[in-house]
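Let me give you the structure first, and then I'll get to my questions.
Chain lettering (A, B, C, D and E) follows the sequence in which the chains are written, and residue indices restart at 1 in each chain.
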């Protein structure tokens, strides 16, 4: 079932070859074991779920916005792992590529562009925290109650290796449904996703243009230091003869003295 | 103010309010050619202001010069532009000779041309290799140093030192060339000549190199003169000036009878005495590429001069002659002389008061003036251009800080 | 191996755990050992290019053990952290970088079926995970509390995110030709003579391979695109403040990524583990001939792929020691104005070629093209057999029953 | 150009500016009154013939003999001499200007003598004047940014003055 | 921190759940051996969703709020994927099939778009006000 070739390990004459060949077999990650013992799928699920939830909470708890971004990366990365486990490999890869690799890099970029010392950690007041904790806990309770209230959802999953999902998904996106949704599925018919796909494409294009427009290059109205320097020639005489400054050998004040560091 | 931004193409539009950052480039930085410290005021990647801080290598050379005799100061000139110590020796020796109205013999004259031009090749090789390093390519650096090592071998054979020679001295040179030296020198030149094509392929005509240097750090002719730039920096801006041709007679007399064409773009073209790569379309006169190219031309030019000097030197049958005494009395008066060192015009000023110790010694270094133009060239450039621009000026901190 | 362990009497879960662990350790060793070898090779190659000798003494001749000695030196180095650095992020960053590089290897086939985890979306996975390496760099740059590091991190972020676009487009072309994102299948479809390689499939793929090379070099931050660590501008870029073992993690990540993109290029364009000449086929060996034959074929494939990937790495080294570095705006221009449009045009070209000239220009050179597409278009049930359960050479059309068209899972009674 | 006619053209443009001259020296020089130096330089650069468009060097020579015995024998009065070496890139000719300054302004030790800056004429004068200020202690009025350039910012004294004493201690570093 | 939310609900039944749930086989069994089902994913999705909401309400940094939105979208995505997976639903149970995955895909894409626009707005705001504190964005307050 796991698609392994039968092999003769016991022939010890060529040890290295079989070791190489077998260790690179499809690793047993997704293979649910019929034997009693640890279900790897469940273990990995627990791992990824713990990571996703833990780092999601850490995002809330953290004050430093850079760390928040980092925790978010881990949380969403773990979510991608959950998608892989659920058999939605394509979605998982998309999550990694677009969400983690694209959107979050963008976000981190934004964080770093605005990460000035006072803005890195804007602390929430403790009353806000309490309020958020109470509201969050009640919302969580509500959601969980709702989730647990449907018995059919409580049934444990199957132990079957999920089939690839990318091809039918791709076909669906160009308007051909290669799968028939199981009876009773809300989708019912064999609707493709050509139109939504196109709408999303146009939407993304619009967003691209819009974002570029919003964050477009603007010129500062107030003069910058660079302009002052550029117009500094020929220079206006700066009287630099303060007797005390000279006698002590201190530098006299000047236009560029802002650049002077401390003593070497 | 907005007009200023409109007019200045170097100032790139900015899109996000980023705070200006003060960045220290140096004194410990891989690309500042020694202990130069550049304080950059940057807005993101764009440098709005550059302030060179120098003096980390200040050794009071001029003060020392007021306490030793001119010949004793020769070793200190070695340490000015330590990459072209022969040229430094020569400049100081000539200045003292000018003050003393002393003229060296024919053989010493050709020996000096030979040695100084050979050292110019060595210095330009370092400048070229280090410039490649500034732009992120390592191999040309080693190719350049490989050839420079051979020059240093020749020098070592002539005077026993590889970096601080103290060879050319007031009144001549410390020793004559050993037998067989000229043949070795000629063999080196023959072997070195084709290698220049390699440098052109790796740097001068390399597409990325051209992209990084052409149109970057454009130094206009007027600004170059105004800032007292000299040497390849000045000629890279199209100013036709070379002290070997235009200087004072005591110096130009050394090159009497030598045929060479000043490496400068005249009427839109460089001298065509050898086959050189053509100027890329993107290059603007006065940019980093032209400064670099002038140096490459001067390498070939110096090779020609060395060949001529070898012939002339070999033809001189009289002995070299003795240099001045270690403590020869200086006349009252002062003398200033500029020579064409590899980095630019090296000026020495000496004031004598009748004793053997000069009253005042002054070294006007070309790199000092060349470096002072940095803040003009780097305004509005990108951070990556700063090493490209500073590297194209080919400075040596030894002669800036003195 | 797991069966072998089970046969020894170990409980199943333990056997699987050990097998997974061994896989992971092997992969880790491939990266770490590969990095050691590549660092040594880089030093020797750089030395050859530059007319010097490089390491000569450590470990006898040729300085074989030089990188190992360096590694030991790095281990012994003091682990410095600048004052004012964000300690947690500073410590974490190298591992993030390294893990991303390491994880991408999971889906990379080294030979037929010699793969950590055969994924249906392996191409995507590799590119996606490789893109995560940038997080380590950004974190390192931010947490170092050094302006040079920050500059390096910002450059890297801008560069990598931009180059993912043309890189993705280049990668999609072989995916389109093969009709699957499964790297094992893509490699399998290029079996046979060298002319079957996707590099020579049509002119467009040939061009797009070089676009891929450019983008791959840029996305792993090698010269002339090594702006994030440009030593003449940014001291050392994002890893300016790192030393010792943490620094070496960045280094290993870099070499791991280099090998990875080269191996990916080999699988996507250069026939993967299939040599230029189908030696095994000619001598009559195949997967089906027997276990020993299968091992031999795989070993041969392994050698092929590693050789091709190594060639790619050597190409990068050659470029690095030859060319100057670009400037950041030129890097972005290269991406946005050259690579992306060229990749887009080539993508469209390859698409039309595939549509109108599926058999190639020369009639005698007909290639087994289009078999998968036929399967798709026949009916809703035609799924490509890019399925982990399929093995052997016949990975073309799996004539699935149209009625069994859920397409998501093969069910089995619990 | 270095002939008497040249001298007179300066004299004509700036009556009283030329204090002295020595046209037979190795480098013929013209001594200018301190207050007029900037004007003369501007004229030399923009209006004179030839145009001295480049400033090569500014040097300060401290004419002072700290040794009292030797000081009795010298023929000059203690003073600071500022030497400007000009160069014309068009005529390829050089010119030396000299300016004599008191060693201390008003003869009060520690009060630096003042001299108009020529940074407005040649921009290269910026660094050269800073160096003279740093090492010889001349205050250039009108200089935009007169700071020490070679010595540290907090260095005390002017090393190229003849009576300069090397400090025995600098931030805990022994001087001798 | 890892098991902060997961542990009470799955590993330690009865603490935070109504006690009747403890009778459900799911919670009685060893989580390491039992196959996971939809409900597991729903719990994770709920946690992410709640964390996102809390993040949106709590943070004053505009980018923090953006991160909260991403978390919320991901929580929803987990549910979509879970319901689409026949593997998790167990045999015979109806699934969303491809539809769930397609919706999840669209959510990811739109999240990217949303992040781009939100970031542009934030940077614009930052350009004008030199802060990313949303409490300071009260120019339109009457």
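Here is the rule we use: contacts are C-beta pairs under 8 Å (C-beta built on N, C-alpha and C of every residue); 3 or more make two chains touch, one makes a residue touch a chain.
Remember, it's a predicted structure, so these values are computed and weren't measured experimentally.
Novice: Please indicate which chain is farthest from chain D, where distance is taken between mean Cα coordinates of the chains.
Specialist: E
Novice: Which two chains have the most contacts between them?
Specialist: A-E
Novice: How far is the middle of chain A from the middle of chain E, if each middle is the mean of its Cα atoms, in Å?
Specialist: 13
Novice: How many angstrom lie between the centres of chain A and chain C, each centre taken as the mean Cα position?
Specialist: Between these chains, centre-to-centre, one finds 22 Å.
Novice: Quick one: report the Å distance separating chain B from chain D, using the average Cα coordinate of each chain.
Specialist: 26
Novice: Counting in whole Å, what is the centre-to-centre distance of chain B and chain E, each centre being its mean C-alpha position?
Specialist: The separation of the two C-alpha centroids amounts to 66 Å.
Novice: Could you pull out the residues of chain C that touch at least 2 other chains?
Specialist: Residue numbers touching two or more other chains: 154, 406-409, 411, 414.
Novice: Going through chain B residue by residue, note those that touch at least 2 other chains and give them in order.
Specialist: Chain B, residues with two or more chain partners: 16, 55.
Novice: Which residues does chain E have that touch at least 2 chains other than itself?
Specialist: 85-87, 91, 95, 97-98, 123, 126-127
Novice: Would you tell me which residues of chain A are touching chain E in their complex?
Specialist: 32, 36-39, 41-43, 45-46, 49-54, 56-60, 65, 68-69, 72, 75-76, 79, 82-83, 85-88, 90-91, 94-95, 98-99, 102-104, 106-107, 109-111, 113-114, 119, 122, 124, 128-129, 131-133, 135-136, 139-141, 143-145, 147-148, 152-160, 162, 165, 168-169, 172-173, 177, 179, 181-187, 193, 196, 200, 203-204, 207-208, 210-215, 218
Novice: Considering the complex alone, what residue numbers of chain A touch chain C?
Specialist: My answer: residues 1-5, 7-10, 14, 17-31, 33, 35, 37-38, 40, 64, 66-67, 70, 73, 77, 87, 89-90, 92-94, 96-97, 100-102, 104-106, 108-109, 112, 115, 158-168, 171, 176-180, 182, 190.
Novice: For the complex, which residues does chain B have touching chain C?
Specialist: 21, 23, 29-31, 44-45, 132-139, 142-143, 146, 202-203, 206, 208-209, 211-212, 382-387
Novice: If we count contacts the way the header does, which residues on chain C are in touch with chain A in the complex?
Specialist: 1-4, 7, 11-13, 16-17, 19-20, 22-23, 26, 86, 88-89, 92, 106, 110-111, 113-121, 124-125, 127-129, 131-132, 134-135, 138-139, 142, 150, 153-154, 157-158, 160-161, 164, 168, 180-182, 287, 291-292, 294-296, 298-299, 302, 376, 380-384, 386-391, 405-412, 414
Novice: Considering the complex alone, what residue numbers of chain B touch chain D?
Specialist: Contact set of chain B toward chain D: 54-55, 58, 60, 62-63, 98-99, 223, 225-228, 239, 241, 246, 248, 333-336, 338, 345, 347, 349, 351, 359-360, 362, 364, 368-369, 372, 401-402.
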